[in-house]
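Note that chain A is present in both complexes that follow, paired respectively with chain B and with chain C.
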Partner chain A sequence: MAAWVKGGATDADAAVEAAATLLAAARTPIVAGLCAELSAVRAAYHLADAIGASVDPLAGTSLYAELGSMSRTGGMLTTPAETTGRADAVLIVGNAPWDRPIVGEIAESAPTRGRAAGAERTLLSLGGPGNGATRHVAYPAEAGGLAVSVAHLRAYLKGHLAGETAYGDLAKRLAAAQYGVVLYDAAELGELGVEMLQGMVKDLNEVTRFFALPVSDPFQGRALLQLAAWTTGQAPRVGFGRHVPEHDPWRFDSARQIAAGEADAALWLASLPAPRPDWLGTLPAIAIVGEGSPEATGDAAEIVIAVGVPGESAGGALWNDRRATVTYAPPTGPSAELTAAGVLGAIQDRLVEMKAASC
Partner chain B sequence: MSTLTLRQEPPERLDFLHVTPLSLSGLSETEAAKLPVGTSRRGLTLGDCFTIVLDGSEDLVIEGGSSRLDRVGASLDGGSIRVVGDVGQRLGAGMRNGTVTVTGSAGPFAGSGATGGTITIEGDAGDHAGGAVYAAKAGLDGATLIIKGAAGDHLGDRMRRGLILVGAAGAHAGSRMIAGTIAATSVGDHPGFGMRRGTILTGGVGALSPSFVETGTHDLVFLRLLARSLRPLSPAHADLAAGALTRYSGDLATLGKGELWVSAA
Partner chain C sequence: MLIRIQGGRVVDPTAGRDAVGDVWIENGRVVAASERTPDQTIDATGCVVMAGGVEVHSHIAGGNVVMSRLLLPELYTSEAAPEGHPFAHAGGSAAWIGANYARMGYTIAVEPAMPPASALSTQLELADIPLLDRGALTVMGNDDHLLQLLRQREGKAAVRDLVALAVATSRGLGVKCINAGGASAFKDGMLKLSLDEEIPVYGLSTRKIMTALLDAVEEIGVPHPLHVHCNNLGIPGADESFVDTLEAAEGRRIHFAHAQFYAYGVADPENPATGGFRSAAERITEAMEKHPNATFDVGQVAFGQTVTISLDILRQFAGRKGANPKKWILTAGDAEGGGVVPFLYKPRGAVSSLQWAIGLELMLLSKEPERTILTTDHPNGGPFTDYPHIIHLLMDKEKRDREIAGLHKVIGERSGLCAIEREYSFSEIAQLTRSGPAKLLGLTDRGHLREGARADVAIYRDDRDRTAMFARAKYVLKDGVTIVEDGEVVAWTSGHTLELTVESDKAMVARSETYLQDRFGAGLSSFEVPDEAFPKADVFEEVACLA
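Up next is the complex of A and B:
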């Protein structure tokens, strides 16, 4: 079964009709999640424009931790390939990056090109797990958290603090690198921490070559960010209520909007696996979710439509972490009956028909 | 004195950027009622939400506030606005001159980018009061922001000039501060995180960042001048500046020319 309306199984056409009716009556609808292939995200932006909705991706927290710093101070970034090929010192900040495959690739390789070619690679950790299978030198985080730890380390690097301390030792190791990289997760570090870290990288470039490598969020945020930029000229959290895309990360935070009672309808788009938001059952909502996911049931939302999962039962353009770009993922199994982009397009077409009929 | 009286809680967020004494001064009440203030496709106008009485004066009173009134007094360049009730985000953002007074509480980003004038919040302020909005170079930039209640986190984030007077402030007060002065009866954890220059004066502090170092107690002329300038605005804050203080220097992770004065009592 691919669609449900108010708990009852139905066909896709009836679900599309119900979704269009719900959205047409809404004053301030929101389109959230957007953990999906790019064609679906693009269709979601177009639908939001048509109905005057605001848009907030699931990856928003991670994206804005990075963008907030980037928009004011810029950044010095590198790619996974450059890191494995050139870096002789890699500092991993926090716990989150340790779950990513790139840590294993970095640990198992050595620099083969550039000024550090042939040198040994040193893996350093600040506030990480401190043990495990990967050999590294661990430095504990400050009680105040990762951002405070980075600030403390940077004070040693600038020469404003001195002494035979753990952070003093780490600062010497970083400054002695020929090509250093710091790996971090923006959502874990937070905006203040990211800005402090980028400042530290710039300071290190006074004496050597050093770059930052943020790991991508797991909810297609990097791909969505590019689409948002070429579609609206803005970062992702925009509202179309006044016919032009207005960017306001605070006003269009979907969780805040719903908690404040400002949103009266929601469309949740997650054709890829994504945690179900707490608010999904609390207001009239449409859930467009991957078939076979836990949310593909009649009780997840007022209207539920199950669609193909990109890379499994549908093709789609997705973020490729290894290549740090958007690539096409073909379906690996039989194609699903519905695609997310097709469903969103059908809802928008039905809204146009309803508007024309009312004139 | 012109008056706008809110009839009921607005059904959506309203944008008051273009509702100032100056913009209303040349309009009749009928014309003012057509000013767009809604933020949804419904196209709400001022007259849909407010009863309007105009007399062309430089003083505007908004009777009956709401946390959904955004950008009240934003870009104000003279005159006064008094809100009897609450307001939403960006109160007085970018204002250049005049006074804005709110008898209730304000949402986030109050006074962001304000270069002149005085903003008074008699209740509490949300996060980022006097702080920079997304992608902005500076928060408060020369205006005076007085918060008689408490402020949220990130008070004066990336503040560049001006004065903030506040009761209790949350964590990260004065973060990434470029310059200016914050006086608070207390601040939360890690004040001045990443600050380059500027002064934070406080009666009590939470956890200090290790990139701040104590530089002792001092009897400086500057502190007496600060106390004198604060006294007309708040005797309690002036007494704080006139009392015994311990000085911390930071943030040593950046330029390190900021200072945190904490009451030694």
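Up next is the complex of A and C:
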């Protein structure tokens, strides 16, 4: 079964018709989630423009912890492959990155390229779990939290603080690296923490080569960020209420909009696995979700349409965490009847027909 | 459909044509004058008719372009969109780029810096640029795999096969090298690199890498010569790097990117690093005249706020101190680096004024405009939307003098611009912006209006205000379809992305697969640009290699 309207199973055409009717009646709709292949995200932006919706990806919180700092001060970045291939010192900030496969790869390898090739790699931790599962030198976070800890570390590096302290020792290790990398999760570190950390990396580059590597969010944020930028000229959270993309990360935070009663309809796009938002059943909504997912049922939203899952039952351009770029994931099994981009396009086409008929 | 463009001043320097006449079009091609009654007649009375403009070097897609939008979201403004393409008025977007080129009469634009490691996202972005045909140059010269081959002296065939594979996999239109070896050197601690300096770890030099790429491009038969971004961009004495690189080509075809940024002679030989620079436009021009194998695009400066975008991380790292506003992004990528540094070209500033003058001087001194391509290295020297203004300055000495009068006096002291009386003709403008860049890209059916040409045509009202004339074409036809009328887009067509047809050597495919799996834990398929990844069909159009 591919589609449901108000809990009842139906065919795709009827669901598309119902979705178009729902959106045509909405005055302040939102398009959220966007945990999907790029062709679907592209179709979602086009639909949002057509209906004057605002757009907010599931990855928004993580992305904006990075983007706020980036637009204020910039940054110095590198890639996972450059980290495992070149880095002789890797500092992991916080707890979150430790769950990622890259930590194991860093711990189990040594630099093979560049001037540090053949050297031993030092793994350092600031405010990490300290569970001893991976060999590293641990430095606890300060009571003020990670961002404050990074600030103190930076002060030691700059010479604003001095002394035989743990952070003083860590600062010396970082400055001695030939190719250093700091791995962090922007959502955990927070916007100000990211800004402080990027400032520290810039300071380090006065004496050596050092780069930041934020771990990717698991919801396609890095891929859709690129598409959003080339489609609208802006970062992802935009509103089309005035038929021009207006970027405002606070105003177009979908959770805030719904909690404030500003949205009267929603379209949730998640052809890839994504946690169901609390608000999905609280307002007239369309859910375009991966077939076989827990949300692919009649009770997930007023209208539910199940579509191919990219990399499984559909092909799609997706963020490749290992490669840190967009790559194509072909279907690995039989193709689904519907694709997310196809459904979104059909809804938009139907809306155009409705508008033409009403003129 | 038979179309007659009637009564315009037809300017096609490739046919020695500059006279009032007609251009006939059928099925997307220019055809001979017909006895039949045309299905459509376009009245070009009082207009200048040229082939569609051809852009060879404009940063319109890719990871650094995306980064620039995130770093400097205030650079472009979005305006309320009228009916039509939903994002054409979203400042800096792909649709905005396509619309603004088309309004000026341009019909193809090439992104000059596509790293193979992120080819798919670059190609997806290019495909979203409407109206124009597009293309991208595959960047090589800093990748460990290539440098390993050279270090191990594997020979020309291996380099050729690796270059061919990179172009085929990324679906590029040509090959570019950017400060060859510079990104690798930067990652290993160097802050400056000259043509023959040793690159750490590999024992190579820029000269060795670049000449290997020059050979590979010739052996593959890439129509566009190797597109070279030299060492030492933007510093006093950069003219030495330019001339040394020109001579290092040893007669092989070579194209120099944004020559203006290298036409900086040392002003004070006693203090070369601190004494500033003076125009080396005459020196560069003389060197170019002695080397007919070479071409360059200009990289003209336009005053105002911009953002510089380059894979030359070595240069961008040095340039970070001059960031305005004070923020910047540098990325140590998987082969090339990358840097995004905002910059303000100040009209009353000595440095900016001199840069502006040098670019104009290069164009006005050139005896062969077809080898002197108009670019601003968008957005590095300024936005491509400044082309009409630059054309005005080239065509109108009085206009030039008026602008110089409002700029810094250094122009008179350190450049020869003020003494140049030359005014470009329409034919020379067509060489600079049409026939020259089309020949450079090896696109034989573009840049002219002879029979068989692609029906990409720009029609401008003849206006003494050349800025107004070239900013908003009266009509633009793409493949015979009218896409612009009176400076506004009237048909939102999609062009094609041009890709070179090049075969990959099976042994190199296998070897690269092993290398990439070892380095990335992912193979060649993760570098590919498959048709299935695109939301629309029929994105690419093939361009053949030279026989």
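Operating definition for what follows: the second predicted complex is superposed on the first by the 358 of 359 C-alpha atoms of A that agree within 3 Å, B and C clash if a C-alpha of one lies under 4 Å from a C-alpha of the other, contacts with A are read in each partner's own complex, and residues count from 1 in each chain.
Everything below uses one rule, namely that a contact is a pair of C-beta atoms (placed from the backbone, for glycine too) under 8 Å apart; a residue touches a chain by one contact, two chains touch by 3 or more.
Note that the coordinates shown come from a computational prediction; the quantities given were computed from them, not determined experimentally.
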item: Combined model on chain A: chain C and chain B, fit or clash; value: fit
item: Chain B versus chain C as contact partner of A:229, first or second or both or neither; value: second
item: First, second, both or neither for A:290, with chain B first and chain C second; value: neither
item: Partner chain in contact with A:94 - chain B first, chain C second, else both or neither; value: neither
item: A:71 touches, of chain B and chain C: first, second, both or neither?; value: both
item: Winner by number of chain A residues touched, once chain B and chain C are compared; value: C
item: Three-chain overlay, vertex chain A: chain B-chain C angle, C-alpha, nearest 10 degrees; value: 90
item: Touching partner for A:211 - first (chain B), second (chain C), both, neither; value: second
item: Chain B versus chain C as contact partner of A:250, first or second or both or neither; value: first
item: Partner chain(s) touched by A:43 [first = chain B, second = chain C, both, neither]; value: second
item: Which of chain B and chain C A:325 touches, first, second, both or neither; value: second
item: Partner chain in contact with A:160 - chain B first, chain C second, else both or neither; value: first
item: Minimum distance between Cα atoms of chain B and chain C in the superposition (Å); value: 7
item: Shared chain A surface residues [contacts with chain B and with chain C]; value: 67, 71-72, 235, 242-243, 247
item: Chain B residues touching chain A - in the complex, by the definition given at the top; value: 11-13, 38-42, 67-68, 70, 89, 108-109, 132, 134-137, 158, 172, 175-176, 189-190, 193-194, 207, 209-211, 213, 251-254, 256
item: Touch list for chain C against partner chain A, complex; value: 61, 63, 65-66, 69-73, 76, 78-81, 86-87, 89-96, 117-118, 120-121, 124-125, 128, 144, 184, 186-189, 200-201, 317, 327-334, 340, 519-522, 525-530, 532-535
item: Residues on chain A engaged by chain C in the complex (per definition of touch); value: 38-39, 42-43, 46, 49-50, 67, 70-79, 81-82, 85-86, 105, 113-115, 117, 178-179, 205, 208-209, 211, 223, 225-227, 229-235, 242-247, 315-317, 320, 322-328, 330, 341
item: Contacting residues of chain A [partner chain B, same complex]; value: 27-28, 51-52, 64, 67-68, 71-72, 142-144, 147-148, 150-152, 154-155, 158, 160-161, 192, 195-196, 199-200, 235, 239, 241-243, 247-251, 260, 262
